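In order of appearance the chains are A, B and C, and numbering begins at 1 in each one.
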Amino acid sequence: MTATSTLPASAPVTAGTPGRPGLGATIRWELRKLRAQHRTKAVLLGALLGPVPIALVIHAQGRPPKDTLFGRYATTNGFALSLLILGFAAQWVLPLLTAVVAGDIFSSEDTHGTWKTVLTRSASRAQLFTAKTVTAVGFAVLTLLVLSASTIASSVLVGGHQALTGLGGQLIAPSTALKLVGASWLTTIPPTIGFACLAILLSVWSRSSAVGIAAPVVIGMVMQLVGAMGGVEALRPFLLTTPYEAWHGLLAAPRFTGPLVEGLLTTGAWAAVTLAVSFALLRRRDITGG
Amino acid sequence: MRRSIITAAVVLLVLAGLGSVAVATGGGSTVTSARLERSLTASFSQVYSQQARLLGHRGVTPASLHAKAMCDNGGSNVGPGSSWNCLMSFHDPGNPMPTTGYGKFELNVHSNDCYTAGSPSTLVGFQTITDKQGRTVNNPAYEFDACFDPGSSNEPTGVTFPSALTITTTALTPDPQGRATVAALCGTGADGCVGSITVTTHGQKLGSVPFHLAENETAKLTLPQLPPGTKEADLAVSYQQGVGSSGTTLPVQGG
Amino acid sequence: MTTQLAVDAVGVTKAFGQVRAVDDVTIQVAPGEVYGVLGPNGAGKTTFLRMLFGLIRPDAGTIRVFDKSWDPDGVGVLDGVAGFIESPGFYPYLTGRQNLEGLALLDGGARAGLVEEVLEVVDLTDRADRKVGGYSYGMRQRLGVAASLLREPRLLVLDEPANGLDPAGIRDMRALVKRLAASGLTVLLSSHNMDEVEEICDNVTIMNRGGVAYHGSITDLRAMAPDPGHLLHTNDNAGARALAADHPDIEVEPAEDGLTVVGQEAAVAAYVADVVRSGIVLRVFTPTRTPLEALFFMLTDQEVAA
């Protein structure tokens, strides 16, 4: 600092206009940070390009993977291939892609020691919480849309667009099959939002990005195992992984939507509870470090 | 650090509690025989009709098949598992039912209300079939996946099929006293197998042995004493409950 | 209009478990003054400032800033208030400029050109487009000051602003604070260095172990100060010590490398002249502690540095 530096033009004594950022500005700030990070681009790129080799490899298999739904037709039908990949992605890929941002967006402030920086501007804790949540959820949905589009496109290009045998034994015409496949992928949005909120809770509670990213994936896998176990089916409606299978009803004959509605309720409850607890934790926290 | 451990322990305890409650309330599965029966008949009708189209058989539609099924898992008839068996009959003039009146389908049912069904090859063919253009294609009815609506009706369908009795012994080996046993298996079905086996050798009626088996039960029935030097014995089966072959002739070994 | 206090903190208390980090502290800062909060490490200065910023919730007491407090006004308390706690935190994967532009967003916007102006003030303009991850400690401190000035504050709160800087950095930081203060800004700063506080501040609170050891102006503090100490080393220390008998208003004690001489300036000067006149050769004659430093150590029960 040299003696020639000048002070800000406006007289500091009377200045200090109470500017307050709107939620939009706070969200824009979170997006800027997200755009500058490598992991964001890596996730989106992975979602865009990942399905291509997967579709090719599965299509080329000599013996179709019959143990998963639509596996038996995955090597001969592009629609079946995309639904096979959907069933597989819901197991750990979707929770992971979600948690990479949602599980880090709060704990990264702890990692960089920036809570004391952002909390001493003009945005309240509530505003920051909302902006981060909106950003995390929005990114999760965007990643899911990219993954869905890429998977459907690669699967149909690689596997073809023949009539599809549905989950009621019925033969579905290609144009209808495309719509149902698209709709099935879209039904994974609510539980993915649920996992984003779970990742947020884990991130806020543990203040660690490692926990925020890994724990939701592990929890997702455990929930899946529990959901597949006999004897404890009473728990299924409460698991966050159950709504990931609600799309089965769209391909059955006759179509049924009970699980989809139930899935929305389950996800809504999970989101409400996890976000409420996260917000309470953040609001009450004493920032003694960064 | 201590606070995190306490929090994690509390969460695990709550989860364990929920799990125990779930187990104690008997699981609460949506997989029941009624739902499987309705789902299987509907989805089988669809895939069988597909097969008929591929083979060029006309007049086979899901409605025309009138499929009826009775499902049983060898236990409480509730819950997922790989031991579900369904007896199903359907009406295809070009493909009559066997003497028992039904085919036996094996189901592997999962807790997510989806299942894989394996059809009897005697009624449905094998994994591949030759279509009417002569190409080898996948047989859609041989093995198929389906999912049922957990909210669908759980009212019993009231469909029952009689159990089928099978005599599994292929040759009689009498002991020094001339007494031989046959093993009989009573298959899945309502009411089990009740009746008697009448043994005749060289035109001489030796006597009858009654049997009373529950479904999925095997038993060894001791036949009336066989005279020495008997080469073969005719077994005639009569049924009060159940169905099956009406009789068979078995060679006698070491007689 | 009543004279509104810039900072009005009354009876502020915060305990972490069994430890009372801040114990019933009252500090009042008038607008326009430069106020120092002084204390050794662990005295509770940083915890107090965190409570002022709303980072920590006090267990008891009230904190009002320009007559606003956290309970009804929320983050509005920080209107016109800026500063940083300990080493300022920034995002290492963003450049200095990007960090400031982001913080401007969180402020509700900054007028055109302000980011450039504050970078100019702290002399970071040519390094502004490098990622903060590569900044030195001093550069980060300066960026912290820039981030504070971005809010065009009327109250600047700085937590040990010269901490960790090299001597040139310390000198520049003190000069900057003095300039800002001279322009009318209210400044509240904390420090563990008495000299720094003496140089810049008007009023001071000395904290020790969470509580207040002293409140008052620097002038009053100086009046309370004990006599300054000096280190004297000659070629005949025993002889020099003997001469002290003739000077009742000074104290001469043997020390590690010579003698410590404590007393008023004039009396000490007279004594030293006497020593020289008696033919003893002076080797070292240097002040060991300022009066205020001595007072500070006394007030905070610290080990007296020789």
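Going forward, contacts are C-beta pairs under 8 Å (C-beta built on N, C-alpha and C of every residue); 3 or more make two chains touch, one makes a residue touch a chain.
What you are looking at is a predicted structure, and each value in this text was computed from that prediction instead of being measured.
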Please flag the chain sitting at the greatest distance from subunit A, going by CA centroids. C
Using only alpha carbons, which chain's centroid is the nearest to the whole structure's centroid? A
Between subunit A and subunit B, what's the gap in Å when you average each chain's C-alpha atoms? 44
Rounded Å distance, subunit B centre to subunit C centre (Cα mean): 88
Centroid spacing, where centroids are CA-atom means, of subunit A and subunit C in whole angstrom: 48
Using the touch definition from the top, list the residues of subunit B that touch subunit A in their complex. 4, 7, 18-19, 21-23, 25, 27-31, 39, 42-47, 50, 79-81, 110-114, 116, 138, 140, 143-152
Subunit C contacts subunit A in the complex at 16, 31-32, 47, 50, 53-57, 74-76, 78-94, 98, 102-103, 105-109, 114, 117-118, 120-123, 142, 147, 149, 151-155, 172-173, 175-176, 179-180, 183-185
Footprint of subunit C on subunit A - complex, ascending: 1-3, 5-22, 25-26, 28-29, 32-33, 36-37, 112-125, 284, 286-288, 290
Quick one: in the complex, what on subunit A touches subunit B? 66, 69-70, 72, 76, 165, 167-171, 205-206, 226-236, 238, 242, 245, 248-249, 251-253, 256, 258-259
